[in-house]
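Look at the two complexes coming up: chain A is in both, with chain B in one and chain C in the other.
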Partner chain A sequence: MKRIVIHEEYCIACRLCEVHCLVAHSSSRDIVKAYRHERDTIMSRVVVEESGPLSFAMQCRQCEDPRCLEACPSGAMHRDPRTGAITCDESRCVGCWMCIMVCPAGAVQQSTSGHRIASKCDLCQDADMPACVAHCPNEALTYEEVS
Partner chain B sequence: MKITIVGNSAAAVGAIEAIRELDQEATIQVVTAEGPAIYSRPLISHYVGGEIDEGHLAYRPPTFYETHQVETLFDEVVTAIDAQAHTVATAKGRTLDYDKLLLAIGGSPIVPPMAGLDLAGVTTFATWADAAAIDHEIDAGHVSQAVVVGGGMIGIKATDALLKRGVQVTMVELAPRILIRALDELGAEMMTDLFERAGVRVLTENTVAEIIPDGERIGGVVLKDGQRLDCDLLVFGIGVRPNVALARDAGVKVDRGVVVDRAMRTSDPDIYAAGDVAEAYDLVVDLNRTVAIWPNAYRQGAIAGAQMVGQPRQDQGGIAMNAIEVAGVPCVAIGEGNAEGDGYTVMTRAQPERHQYRRLVLEGNRLVGVILVGNISRAGIYTGLIRHRVDVSAHRDSLLSDRLSLLSVPEDYRKHVVRGQGIEV
Partner chain C sequence: MALSLSTAAFILERDQSQCIACQVCVRQCANDVHYYDEDDGVVRSNPAACVGCHRCVTLCPTQALVVRTNPLEFRPHANWTAATLQSIYKQAETGGMLLSGMGCDQPHRIYWDHMLLNASQVTNPSIDPLREPMELKTFLGARPDSLAFEADGDGEYDLRTELTPQLELDIPIMFSAMSYGSISYNACRSLARAAKQMGTYYNTGEGGLHPDLYEYGPVTIAQVASGRFGVHLDYLRTAAAIEIKIGQGAKPGIGGHLPGEKVTREVSRTRMIPEGTDALSPAPHHDIYSIEDLRQLIFALKEATHYRKPVSVKVAAVHNIAPIASGIVRAGADIVAIDGLRGGTGAAPTVIRNNVGIPIELALAAVDQRLREEGIRHRASIVAAGSIRNSADVVKAIALGADAVYVATSALVAMGCHLCQRCYTGKCNWGIATQDPYLTKRLNPNIGERRLTNLLRAWSLEIKEMMGGMGINAVESLRGNRDHLRGVGLNQVELDALGIRAAGT
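The block that comes next holds the complex of A and B.
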């Protein structure tokens, strides 16, 4: 399956990935409306880490042997049978935070939506390319078939 | 190849999913005392607490057994294993043969022997049936005051759930503090404070000595120290004891749990054990021990499943860990988070009045345990460092930061995780 590859040497910490991730997970899908009206209930699933000259955009690594999946007692965390992406079925999630406790990348977050659910990258399932990759101006994120 | 699995929770599901990923031919037969639903025991507290309905207790869809081509025997208790003949006997008089057998039979709640255990309003907190009974009692208006015995993970979850339903709870713990196996003194104090602020009475170094009936129902309890408490519900949430009798009687090596190697194989080469019943390798303490947690159960089941169909998958070892929430404040305990004394370096950052706590325990250059209260963000980064025995000596300060990220870890390890390939080193 295709995965997002992080190239920290090209990342300029512009955070456009965060902006477009948030928009892609808004109901309006509109950058202005998303920031004006939905900001409190939606969040980016990619986070730019920055320290001095080093920066990189971090999201779920789509592990082959995902710890979050085995730790999830609700069955919410699952591998999408169609795309192979590890995604959280938010309607089943109870917010027990077991996934947060086991994700070695720290890529699962407590949702700020007001619901007690886990929030993570879903590889923008319905798009050809994840929004963070599509909008990275410097190819610091690429979407590649990785063995 | 005929595989018989006894049990139908996390370890059984882990095994079935692993088997079917590798092998479509093997015959899989599940024998379970419960069923048909595959439900999530950790979620019963969310159900009793009124956060989810019964439908959300399902861990896998009702079609799971069918889609994974599994033959099923529900409400069927296995009473004996004949390891020589490769058969198991059931309470309904059936004899089932196997080539490989997986014991995924979990544990049983510990209930101290005393008179009155059969009264209405006296229960354990382990199964859907327990949860449904408590839910029913509350709905029927029978419960205004409850006593929960046990201040460990189960007792905490039961208490928090009852609290959400407006029940007045007294929690009674035999040890000097609650959550003694997971938290240090300060951590336990914070959780106790959260409970007390929410109106829970927390009594330590005490336990229930006697049940006082009120007709057919429970009316109250007498504690070890002699004080009497009125209550309409008594919940035993002390802990679970691995169900080892089947294996022991079959001549399989048993300690506290059924002893397994890294392949989840017992002392009998054709019998495997996984989940709460198994005494498997724990990589933090470097010993086999029983750790009744969901992630270990699923993984152990998956390893046993792969092994039973000839895939040489090995367990790298589990880590004792858990995540709980009290009055909306989350708490995560990983590995030896409460360790202290010679050989350990302990680093803490605490704001007790705000219920914020971060406690890291190092043994030499390695992280071996963590306690987090309040901010649990990215806790799994610690778990990864513990699991991979990363030398963190140069990163101690940044690891203690509230802004924990992969920037806080050694570069080699960071690159390894960021690359995302073969996270399983």
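The block that comes next holds the complex of A and C.
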């Protein structure tokens, strides 16, 4: 399957990935409206980690053997049978945060939507390319077939 | 502290109805122009430090920013312009020379724009480059006076003349000298990779060659300048050709100056100088005070490389450029590179950049003419530099007599440069003219290489179209073919200097 590959040597810490992830997961899909009207209830599923000049955008690594899947008691965390991407079925999530506890990449967050659900990267399944990759100005994120 | 009389060069207009306070501009500006006001939850700008590089404008996801020239006006005065007054305020404040980056920004006449190209109509056929072969292959180096052959008895002939080393270019465009130090490692790598990809060469400038770039030796021209930074035997032997830098178009008569801030550990290793020290090149080569001295250095370098590499001599275009070039050819140079008034730089005193030297068009015409008259044009190739902005400039330069051209500013622009002319501060927001680790990674060499090769590919397509229109199918036939140029808006003295006729005659 295709995965997001991080090239930290070219990450410029502009955080445009975060901006566009947030917009891609808004209901309006309009950058100004998303920030104006939905900012408190939507969040970016990618987070730029920084330490001095080193930075990189971290999102779900789409593990081969995902611990979040094993830990999820409700079956909300599942592998999409069509795309192979690990996503959270928010209607089944009970907000126990086990996925957050076990994720080795720290890529699952508590949603700010007001409901107790886990929020994580879904690889923008309805788009050709995840929004963070498509909008990275320096190709520090690429979407590649990785075995 | 006394009040500064300098005013901001730019103002910033932020459309607050579009701004989403994402702070991309705040994070991208190395000059700290933008800041987040936590109390009000909005991003504001302090334009005093804005250099007009457009990094924030380009990355703003909502196009909320516009940078404008500060409309602040003095009482109009044709002699005492705003720029003149601002320069005096600055110097009265600092007591120092004013520095600039990039080439001369004064409105001296650009002769390229006063020359027009010919095309075939009726009496001779034009050529369609999409259907017929069009040759841009160019060789740089000395040509023999004559060729001697010997019959081998089987009706075949063997060449008896020993040919001198040549550079083989797939397109008559090379990347001009820009040193590692003045530009970032990623910029050097982009240039090297693009040169390899496109079958041409790039030039190390006077900064030596980073060990990781030795693999690009076959497409590298190694420069030897007055500071001799980074010059050693491996450096010379790795490169495809060697260039002795006597002068640079942006600052004829003075040496290079790399501020200590840009001399990082890697730059210091490559240049073989202490970390953090200013890299000051002497104005002259201290072993060159005559053509005979130059000959000694040319042959010392040829000797060191076993006569296997062509040696180029780069000079700035100055008043007596024709006899100077003649001397350089007679001294044994295989290539003469001439850098015109508008050539770029990483740092030069503004007064020198704007006032010293002559335009490349006039220098090129004068040199080609002089070498032809003296019967030594074949003994060296001419490379024209100093603001080649587009493919038409390339064609006009070749028609004026150049064998190939050097481009640097165009290459930087392709990589993202916006001509803010502040290279000497080391704060290049585009990651090109900087060594700051926060900034250098902004230039991804994969993107740099792609954009440079795209530029060269686009220009080569256009060059082929223009040549085809003239009915010429090889760049060799265009070289020095001034019949294909006509001048517009030029007086007779200028036409004579360029060796071209006026349009309509």
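Things to note:
Quick note on the criterion: the second predicted complex is superposed on the first by the 147 of 147 C-alpha atoms of A that agree within 3 Å, B and C clash if a C-alpha of one lies under 4 Å from a C-alpha of the other, contacts with A are read in each partner's own complex, and residues count from 1 in each chain.
Note that a residue touches a chain if its C-beta (ideal position, glycine included) is under 8 Å from a C-beta of that chain, and two chains touch if they have at least 3 such contacts.
Predicted, not measured: the structure shown is a model, and the values here were computed from it.
Contact with chain C, but none with chain B, is seen for A:137 once the two complexes are overlaid on the shared chain. By the touch criterion defined above, A:27 lies against neither chain B nor chain C after alignment on the C-alpha atoms of chain A.
In the superposition on chain A, A:35 makes contact with chain C only, while chain B stays out of contact range.
When both complexes are overlaid on chain A, the residue A:97 reaches chain B alone and has no touch with chain C.
In the superposition on chain A, no residue of chain A contacts both chain B and chain C. Put simply, chain C touches chain A in their complex at residues 17-18, 20-24, 27-28, 59, 61-62, 431, 437-438, 441-442, 444, 446-447. Across the interface of their complex, chain A is touched by residues 10, 14, 40-43, 46, 51-52, 56, 58-60, 294-295, 298-299, 302, 321-323, 325, 330, 332, 334, 376-381, 383-384, 387, 404-407, 417-424 of chain B. Those residues of chain A that touch chain C in the shared complex are 7, 9-16, 19-20, 31-32, 35-36, 52-53, 135, 137-140. Residues of chain A touching chain B in their complex: 3, 5-6, 8, 47, 49-51, 54, 56, 58, 61-65, 67, 70-71, 73-75, 92, 94, 96-106, 108-110, 116, 146.
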